[in-house]
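Each of the next two complexes has chain A plus one other chain: chain B in the first, chain C in the second.
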Partner chain A sequence: MNRIYDFTLSLFAGVCGLLLIASVAVMLGFLVGQGGSVLGLKLIFGSTDFREIIDIILLRQVVINALWPALIGTFLLVFTALITALPLGLGVGVYLAEYAGKPAKVFFSLIFDLLAGVPSIVIGLFGFSVTIYLHSHFSDLMPCLLISGMSLALLVLPYLVRTTQSALEELPSALRVTSFALGAEKSSIILLVLLPQALPGIFSGIVLAIGRAAEDTAVIMLTGVVASAGIPRSIFDNYEALPFYIYHTASQFSNQHELQQGIGAALVLLIICTLLFTGAGLLRKKATHHFLYHSK
Partner chain B sequence: MINRSGSIFSGHTFLLLLTAGCGLLILAVLGFMVFLGRPLFTADFFNLFMSSVWAPDQHLFGILPFVCGTLAIVILSLLIAFPLSLGNAVLINLLLPQLPAKFLYRIVKLMTGIPTVIYGFVGISLLVPFLREWSASGSGMSLLSAALLLALLISPTMILVFVESFTAIPQPHLNAVAALGGNVRHKLIYTLLPGAKNGIMTGLLLAAGRALGDTMIALMVAGNATAMPESLFASVRTLTAHIALVMAADFDSTEFRTIFICGIILYLGTLILTLTLRVFNRNGSKADLERGLS
Partner chain C sequence: MIPGRVVEIENLSFYYGAQRVLNNLSCGFAGHSICAVTGPSGSGKSTLLTTINRLWEEVDGARVEGVVKVLLDNMEIDLHESKIRLAQLRRKVGMVFQIPNPLPMSIYKNLTLPLRMAGIKNRDQQRQRVERVLQDAFLWPEVKMRLQSDARLLSGGQQQRLCIARAMILEPEILLLDEPTSSLDEGAVSEIENLLLNLKERCSLIMVSHDLEQVARIADSSVELVAGSLV
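Right, the complex of A and B next:
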């Protein structure tokens, strides 16, 4: 009887493992099998002629039916989100790690955990309704790149706060004690000693935030992304983005070519995100190693 | 601002204000939804909005079907993902030799980085047509297809948390079981599962949060019908998908304002999950746990 139980347990676990790996394999197989062949310059620029590509990059020529505007849109979006969220995330992270007392720490980490869990569509709704509220009462602001970027900043803030905080807290206490014994002030210790040492950890948070901002669809859907806008002329313009391109294609495609473009876009986004998340993991590993062995 | 050490600018005060400001912003997300939804909070609120019929053209704004749709999708995806995750965690911690275990773990980590819109895209291209054939009725866009995909989305989070809490159990305890003649099954039942109780709850709560908050999968493959979910193959709409779908309506209409109720329900649901998570996991932060970073 016991043997049967043991066998059932192993069988069950094995089936679970196989199911998981098979699902991933089917997903990747589908994307690579269907989209691998379109992956290339033509997918991104709609052309393989180098002179045309240079014109496109220099904004002298408009791209139609290619990923370039969506790629640029995603890049600008991530950039806007990051320059908004980074100062806040670093500041809050430093405060929680170095200054906050126990009650403040408990309270604020709960608040940021809450933010980390709030559905992205709710954050998008917040960004959208603030914009509309301002629009009807004060200005002629409409959903645009800036609004999306700032909403995404709110979305990635908890990741930046948390990684900054734990990167500082994981530093060996000897570092703090030594600097203090040398007569340095707290603010200089943080700026000149602790933050530089915590950089790899902080960078892993930044990379993670980039990945999170690049993949999110729900926030931007409500705050200004459109299917075909071309390259935005300013931060108050509508824009295209890679994840929305994928969503839009999946629901609206009318022929095989458009579907292939969508699969190609999914593959490009998958590659970008995988690289970013792997990079974040490696940075974090490097950070831990650095503190453990004090190796450069 | 002059502090005791004599510097003109107090870093402490500045950072405290910054942190408090960010905290207020997070609470403002809820506050603003309540503020904009306030015309709806009348004596008739429950009759009007907690009914089960959504037909804006007949002035029926019941969002109960979406609440039930959300609950059904979350619960069903957890029912699928929990055994799957437990099996994989057992595989990684107990059954597989080091190298294959590491390989499986890597794959799970890799899965956390797959964008949700890609799950949705593959789901609509492969899973939906498959279920359409298999069930021989409906469009294939259903509660079941969304729950299956969501299960795939939330499993990596759960597996990572399970593996971590299994690993945290001291090796001597496992050695003791082995010395008493116990095998893998005994290790699992008498040491790992009781010892990792909090970890298992943490994983479940985190996964529930991700399933609750996901928009794209439900929006793309659940079908978005406005009726109450009646079977596994019924087309359902979640609260998140409802927010995304009603966006096109007139900003001042009652129909549009219902999305603030949906937003408030989602926010409060997240709050409850976050607070419950605290009971089971005092140290780890959600942001770390979700990506398996802690």
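Right, the complex of A and C next:
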């Protein structure tokens, strides 16, 4: 009887895995099949001439009708969101795992579960409302890269808090006892022992946050993204972004080529996310090695 | 405090929640010697050790009554009265555990961690101290070429010698040892016993052991605990 259970369970688990892989494969296949042919320098820079491309990269030439500004915009967005959210997320995660009492933990957990459940369009509206408020009361602030980045930070904050907290809480208690016995203050245990050990968990949160910040459309739609803004001159400027480009193209394309470009943009976004994830993975390895093994 | 002693315990009782682990216990441990604490499992031997570096305070629901005095820098300190900082106390009263507990990092980082936590940041000084404690622990020849590798890859005996070296790196005056050889094979045990005999010059050792032959071999004095009381 047990063997039948065993077999059924492993079959079920295997089929579930296959289904998931198959659906991702179908989606990727669709994207590559539809948009793969436009993938190339022309899609990104609108030109294949190297001199022109270098001029574009050095901001000496404006790109029209290509992905370059959206690509840069997406990078800047992810960067701004992470810079804002990381210190906050790590700080709150450390507080919850190491310092908070039971009631504070329950309260904060509820708050962050709520925040994680807020639809991104609502966060976009919130960013938009804050901008309007600031605009009418204090300055001539307009929807811009900074506002979008900070709204996205709010969106990804729960992931960073949760992963940091659970990465710290899952560490064996022997680490703490050993460190205490070696004459450690709590703060140095956290900085020198626990956080380095929790790096893999923290980085998985960062990867989640990168993905979320790179692909979200609703938040940026209300807080500063514009279809043809070009490359922003400062964080107070409008900008373009890949997910919005995809959305815009999908809703307003007028011929087959434009649609293909939109699908190409989706592929580019996937590639960029993959690159960012790989970068985060490498950084994790480097950081772990630096904190735990390197001794120069 | 009786002259020659470094730890003096008076009327000490210890509770985990409602359970009494140590029962109105009084004893003392002499300096620069190996004092053994023996007794059956569950008699409170390890608990007695943790009252000397106050490690019990990291355990939820633990409570203590009575007096524990230690002699540090020739000053008598009443652990429950004085305002000595816990980290400061534990740098002077080192501890080695039953199961070798190298931290999941390199051999070198394991040894420099207490230094860094105590604010000793000078790299040369760190290197010198690491080499010295590893020499003292008879471990230097075995690990000098692999200081960067994971400490958990060492054998059990090597790990325990590393832990003793780590406990000694801040030059404590008292070293607490909680059955330091019970998880090791015979060869490793005798290496560690030699090491402990050598350490007597530098600090006072208080060792929990349930191996009476070991106690006869290396201890200068011993007390026996049964059910939280001295026999």
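One rule holds in what follows: the second predicted complex is superposed on the first by the 240 of 296 C-alpha atoms of A that agree within 3 Å, B and C clash if a C-alpha of one lies under 4 Å from a C-alpha of the other, contacts with A are read in each partner's own complex, and residues count from 1 in each chain.
Methods note: contacts are C-beta pairs under 8 Å (C-beta built on N, C-alpha and C of every residue); 3 or more make two chains touch, one makes a residue touch a chain.
For clarity, every value in this text was computed on a predicted model and none was experimentally measured.
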Mind working out whether A:Glu185 is in touch with chain B, chain C, both or neither, as first, second, both or neither?
-> both
First (chain B), second (chain C), both or neither touched by A:His248 | neither
Where does A:Ile111 make contact in the superposed view: on chain B (first), on chain C (second), on both, or on neither?
-> first
Superposed model, chain A: greater residue contact from chain B or chain C = B
Thinking of the overlay built on chain A, is A:Phe30 touched by chain B (first), by chain C (second), by both, or by neither?
-> first
Touching A:Pro196 in the superposition: chain B (first), chain C (second), both, neither?
-> second
With the two structures laid over each other on chain A, which partner does A:Val177 touch: chain B (first), chain C (second), both, or neither?
-> second
So the chain A residues that chain B and chain C both touch are 185
Mind listing the chain A positions that touch chain C in their complex?
-> 174-185, 188-189, 192-193, 196-197, 291-295
Taking the complex as given, what residues does chain B use to touch chain A?
-> 5, 7, 11-12, 14-16, 18-19, 22-23, 25-29, 32-33, 36, 83-88, 90-91, 95-96, 104, 107-122, 124-126, 152, 155, 183-185, 188, 209, 212-216, 220, 240, 243-244, 247, 251, 259-260, 263, 266-267, 270-271, 273-275, 277-278, 285-288, 290-291, 293-294
Touching chain B in the complex, chain A uses residues 2, 5-6, 9-10, 12-17, 19-21, 23-24, 26-27, 30-31, 88, 91-92, 94-96, 99-100, 104, 107-123, 125-126, 128-130, 132-133, 154, 157-159, 161-163, 166, 185-187, 190, 204, 208, 211, 214-215, 217-218, 221-222, 243, 246-247, 249-251, 262-263, 266, 269-270, 273-274, 276-278, 280-281, 284
For the chain C and chain A complex, residues of the former touching the latter | 53, 55, 58, 86-91, 94-95, 97, 101, 103-106, 108-109, 112-114, 116-118, 147-150, 166-167, 170
